[in-house]
Amino acid sequence: MIPIMSKSEAAAHVESARIRQGRTWAELAEHLGTPLVWTTAALLGQHPMSTEQARSVCDLLELGDDVAEGLALQPGRGTPAEVMADPTIYRFTEALSVYGPALKALIHEEFGDGIMSAINFQVDIARRPDPDGDRVVITLDGKFLDYRW
Amino acid sequence: MIPIMSKSEAAAHVESARIRQGRTWAELAEHLGTPLVWTTAALLGQHPMSTEQARSVCDLLELGDDVAEGLALQPGRGTPAEVMADPTIYRFTEALSVYGPALKALIHEEFGDGIMSAINFQVDIARRPDPDGDRVVITLDGKFLDYRW
Amino acid sequence: MIPIMSKSEAAAHVESARIRQGRTWAELAEHLGTPLVWTTAALLGQHPMSTEQARSVCDLLELGDDVAEGLALQPGRGTPAEVMADPTIYRFTEALSVYGPALKALIHEEFGDGIMSAINFQVDIARRPDPDGDRVVITLDGKFLDYRW
Amino acid sequence: MIPIMSKSEAAAHVESARIRQGRTWAELAEHLGTPLVWTTAALLGQHPMSTEQARSVCDLLELGDDVAEGLALQPGRGTPAEVMADPTIYRFTEALSVYGPALKALIHEEFGDGIMSAINFQVDIARRPDPDGDRVVITLDGKFLDYRW
Amino acid sequence: MIPIMSKSEAAAHVESARIRQGRTWAELAEHLGTPLVWTTAALLGQHPMSTEQARSVCDLLELGDDVAEGLALQPGRGTPAEVMADPTIYRFTEALSVYGPALKALIHEEFGDGIMSAINFQVDIARRPDPDGDRVVITLDGKFLDYRW
Amino acid sequence: MIPIMSKSEAAAHVESARIRQGRTWAELAEHLGTPLVWTTAALLGQHPMSTEQARSVCDLLELGDDVAEGLALQPGRGTPAEVMADPTIYRFTEALSVYGPALKALIHEEFGDGIMSAINFQVDIARRPDPDGDRVVITLDGKFLDYRW
Amino acid sequence: MIPIMSKSEAAAHVESARIRQGRTWAELAEHLGTPLVWTTAALLGQHPMSTEQARSVCDLLELGDDVAEGLALQPGRGTPAEVMADPTIYRFTEALSVYGPALKALIHEEFGDGIMSAINFQVDIARRPDPDGDRVVITLDGKFLDYRW
Amino acid sequence: MIPIMSKSEAAAHVESARIRQGRTWAELAEHLGTPLVWTTAALLGQHPMSTEQARSVCDLLELGDDVAEGLALQPGRGTPAEVMADPTIYRFTEALSVYGPALKALIHEEFGDGIMSAINFQVDIARRPDPDGDRVVITLDGKFLDYRW
Amino acid sequence: MIPIMSKSEAAAHVESARIRQGRTWAELAEHLGTPLVWTTAALLGQHPMSTEQARSVCDLLELGDDVAEGLALQPGRGTPAEVMADPTIYRFTEALSVYGPALKALIHEEFGDGIMSAINFQVDIARRPDPDGDRVVITLDGKFLDYRW
Amino acid sequence: MIPIMSKSEAAAHVESARIRQGRTWAELAEHLGTPLVWTTAALLGQHPMSTEQARSVCDLLELGDDVAEGLALQPGRGTPAEVMADPTIYRFTEALSVYGPALKALIHEEFGDGIMSAINFQVDIARRPDPDGDRVVITLDGKFLDYRW
């Protein structure tokens, strides 16, 4: 029996096909009708896709059923430490290291004892033109969950 | 000679006085006329304050010159790993672990090879009412910097 | 100005007074009318208490207002790695290391893609008599949260 | 001579066949007549199966003798740190970090100096309907072992 | 209120008094009528003593009630990594690193799937004369616990 | 030229053949006339075997000269941390963490400043019947080496 | 579909061809008309090359389109810890460990609160003849970025 | 006897006095007639000062003989990891992680097998005006040492 | 009762007195009639001294009985990682990282399967004049111990 | 194009051929006319060989040009932590942990502020007969380098 293609192997096939065909992540998101960051994260292996979504993106990229099968798997989420050290990703970690305790204090002040959910959660990214140089604007939007016994 | 009060000792004095007087971080930010997250981070020891800002917040909280002196110091920025493990802060780390590679890919697609600055950078936090439970909305806004030799 | 007593200092005072007076955690929980595990965790510094709760437990244990003030603080939650290595605590970590992936698979099978909340969450502990030796029964009860964009 | 298939290779074959055939973990447990969490953990490689159990599950999933041979092996138990960082699994680790010292204190209070065994131990998982959202209920049930010289 | 003396502070007082009075660990064990390794470990802070045992050893060493109170506390067990690196202790770690997998294999072969308990467990140390140089003989004696659901 | 089979590859071949033929470690030790724990450790790759020993065990298990060649190699000794975390092995580590400092103190008291050798060293394992459940008895027997300049 | 060659595989092909043909990094930089350190870093996989640059260097080294495709990829930047431990690289790390806090203090004194960019940044290396032995001179040249909200 | 003030305590006294008196590192370097980066590093505790240098800087800053005594001590060099994580210092670490292997390759190409000494070594920092924003220019200048047996 | 001065406190007193009196380690070794490296290591807290040795060195340095008591204690041997990172010490670690496997291979070739003892072991250091710059010559001299069951 | 054989692959081929032919490291060193420890380290992958040396040793061992090509490569030096944990290598690390600070103190006393070079450095190993058991004598001989700005 042929083993199911792993999530990360499927993601690698998507990435190769996407680059060869010159398609952007935005085009893939538009094709699927799903949000941009969600789509990119899912195709990088961080979310399961429905069978239909997996099938649809593989049709577009001319990839086989084995890739679609892999995209539909439930992932083990997370990113290895050496990838997190990439400078583009590290800036987020650094910002958290500087502003994390302040965000905790302000969540407690405004909402009470609890957290911003990372599950009932969405992320968006946008370009904001600025004469001093355009800016990356990232919005984290998560449900407040209070400690509730 | 009496050593200068360290940044973290000054921050502890601010925190004690703030709680005893029942003042919010928002009131301190309003008093200073500075952004909410910046003010909270600065008073937790992550940014230097100008002498006037430090003096003003100490007057409000009835703290001495030694505390103001500490608040004006240049900080060593960052947060220890055990504090980052607090559940309210950890959710940000987890979100980065899930969405970090996607954000990297989308920054490169939209802006080219580079990063979102964590220095020319601002953070805002807001409450967004929602019938399913109010939401925490955090906006990261940083200048795009391209790799430029 | 006298700095506010830290959460962990207040917890140490509670522990000393509790032992000296020969009171059990169960008695403190009954006195407060709060669940057993929650009460113990809160008095060990992992949850904020309301001012009334903090006042009430300090009255019982003949502790001052400074301790009550500390108990009411918002905590930085979590336990250092060296404490987690204690044999009584380590058994939980080991059980997770053996059964964690199975629990993940069964949550996904029964509920779909998501998690058991550790915030909307409660824990109970009980003794179950058994002729082969009594058993510790611990119940973890958390709301299912699905990944929802 | 053909080397014996490793425990983890056998587990991967079970997982692929299970998904292809659309069978749930619950069906496999029912087929074997063994508890749900035990069965899932064993098929993920954390417990040895008897030769009969291994043969039976391989018949159901149309897998060969080499897979059954692997399932019957004595495992090296445990889960790598990067898998434990998956959000669904991490919530258990976080709960332990918050409630571990309280559970230790209550075991000592109720049972005396000792531990809850992670060997003479069973785990169950159930869904508890709740109008605010259904709940995951996990029961850890282990024999108390007192420090006995 | 005076906080209870911690386990490690009490152990430090015992050690100082023991050295000043020139008493051996063997004498303390004999005085208490308890096993040698257990007594040494307990007085180094790894086991709780009964109130009578704690009182008795403090009488012998002319130490106060506060020390006895500390010796009777329930400990957080374990030894920091830097202490484990001491050459005399490290040899045990090295021996485990070389023979640990063999001992695991032989326990499974002789007893079945399970462990040697470290709780229902005792240790003894003895000198065995040998013309090539006397030998340290350490006996680990723990109950076999089989994985039992 | 065909590279020499590595120590760990040779060990894997021994393990596969041993299980397929249904032989115990005890039988292999008896066949070789070598101690039980030494034989098991050596065949798991922690000791070099003489050419005759390697040849003899390969004859018994119907393995080729390439495996014998690997068994005769000088090993790099030690066990990876993830294997040491297996519950059956971890109990030894935990016992050391609890009793290591006591053993160090007693070695110094009985023998003077020095160590128990882990090189001039042997280990034995035995079953001791006990009405409360049979016990694993492990004996560590090493030459005392005093710090000698 | 053939997967795209990874950045590190492409770098390995460049390295092999470069050595076989006896070409220096300086020759490759001259061929491309790009700075020496940038070129070397890019060909070791730390920067994306334009399609033209990648094509040009592959023509020179007689490498195929698949290598050029890999060289043009956006990299995940950074170097594993074990490579950073090489003595030639470690000296830079050691120098930073000795002089890092001084450089931070002097940047703040001369420029104010901010950093030297590692993105708008260039590095040069040169040989400076010296009668006591020639010297390696490395120049780090980065734009000052002030903390700006 | 009064213990000698440690290197880091002496550095803290220098820092306090320097800030209170409003003196720059550049002024201290000029007063001593020593290079800027060397002086700053030495006064932060990374180099021993001669008795005359230590005395001279303490006279200027009105500090006592105990501080001078500490400044003259031989240091244990290096900076803790949490300080190295400060954003201003981290940029150097990141640059090394990106360019370290390229610098190693170019040192070997230009000089042969060896290193740039971090002992026979000097560092300079300068401001270079630039219409796009002034630049920090850091020069590392170390003797080449070839591997020589 | 006054606790016994710890080994490291006693070492700090010796160091302070030694510097104040301008005495070298070599003078202390000569005074005691003990080898240079052994004496230095012992006075830095890595070996116990006899009561006579401890008394003698404290007489010379005009230190009290409490210091002598500390010097006579059995040490916990070893050096923290941050001290090992000092450049003067790190060079030894680096040399081991480069030559360690070669030394292992040569010990096995010349002596058979075993180790160089670090207990029956001595170290010497000497200056060897050389026209190209004097050399540090360190001799490690340890008894060979063969793996002997 | 065939990629160049890596340094470690070449080393593995040398090791296999050396064992098959029954040659010692000493014979290889004699054949090359190079020092024993240098030769062993180089053939284990820690030093580049000249093309002639690489060719010569491959002729002796009947290995091809691809192996010689690998032996001539510039290495990334160092040894992974798991190899350093081998008991024969670990004894050196332990000795450094005990004597490292003493050697640092004595280098500073005898030579001034500086280090023993690990680059202008040689190592020798010898057997010294001794009635109590032969001894391993290792000599580290490195040029003193003073901190020189």
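Just a few scattered comments:
All chains are identified by letter, namely A, B, C, D, E, F, G, H, I and J, in their written order; residue positions are counted from 1 within each chain.
The rule we apply is simple: contacts are C-beta pairs under 8 Å (C-beta built on N, C-alpha and C of every residue); 3 or more make two chains touch, one makes a residue touch a chain.
In this text the structure is predicted, and so the values were computed from the model without any measurement.
Superposing the C-alpha atoms of chain G onto chain J requires a rotation of 70 degrees, rounded to the nearest 5. Counting C-beta pairs in contact, the pair that comes out ahead of the other among A-D and B-D is A-D. Centroids of chain A and chain B (each the mean of its C-alpha atoms) stand 25 Å apart. Once the centre of each chain is set as its mean CA position, chain F and chain G turn out to be 47 Å apart.
With centres defined as mean CA coordinates, chain H is found 50 Å away from chain F.
A separation of 29 Å divides the Cα centre of chain E from that of chain I.
Among the residues of chain E, those in touch with two or more other chains are 77-78, 83, 85-88, 94, 97-98, 105, 108, 114-115, 117-119, 121, 145.
Chains touching one another, given as pairs, are A-B, A-C, A-D, A-G, A-H, B-C, B-D, B-G, B-H, C-D, C-E, C-F, D-E, D-F, E-F, E-I, E-J, F-I, F-J, G-H, G-I, G-J, H-I, H-J, I-J.
Within the complex, the chain E residues that touch chain I are 12-13, 15-17, 19-20, 62-63, 82-83, 85-88.
Residues 1-4, 69, 73, 76-78, 80, 118-119 of chain F are the ones that touch chain J when the two sit in their complex. Those residues of chain G whose C-beta lies close enough to touch chain I in the complex are 85, 87, 90, 94, 97-98.
On chain D, the positions that touch chain C within their shared complex are 24-26, 36-37, 40-41, 44, 46, 77-79, 83-84, 86-89, 91-111, 114-118, 121, 123, 125, 127-128, 130, 132-145. For chain B in complex with chain G, the residues that touch the partner chain are 35, 38, 47-48, 74, 105, 108, 113-115, 117, 119-122, 145-149.
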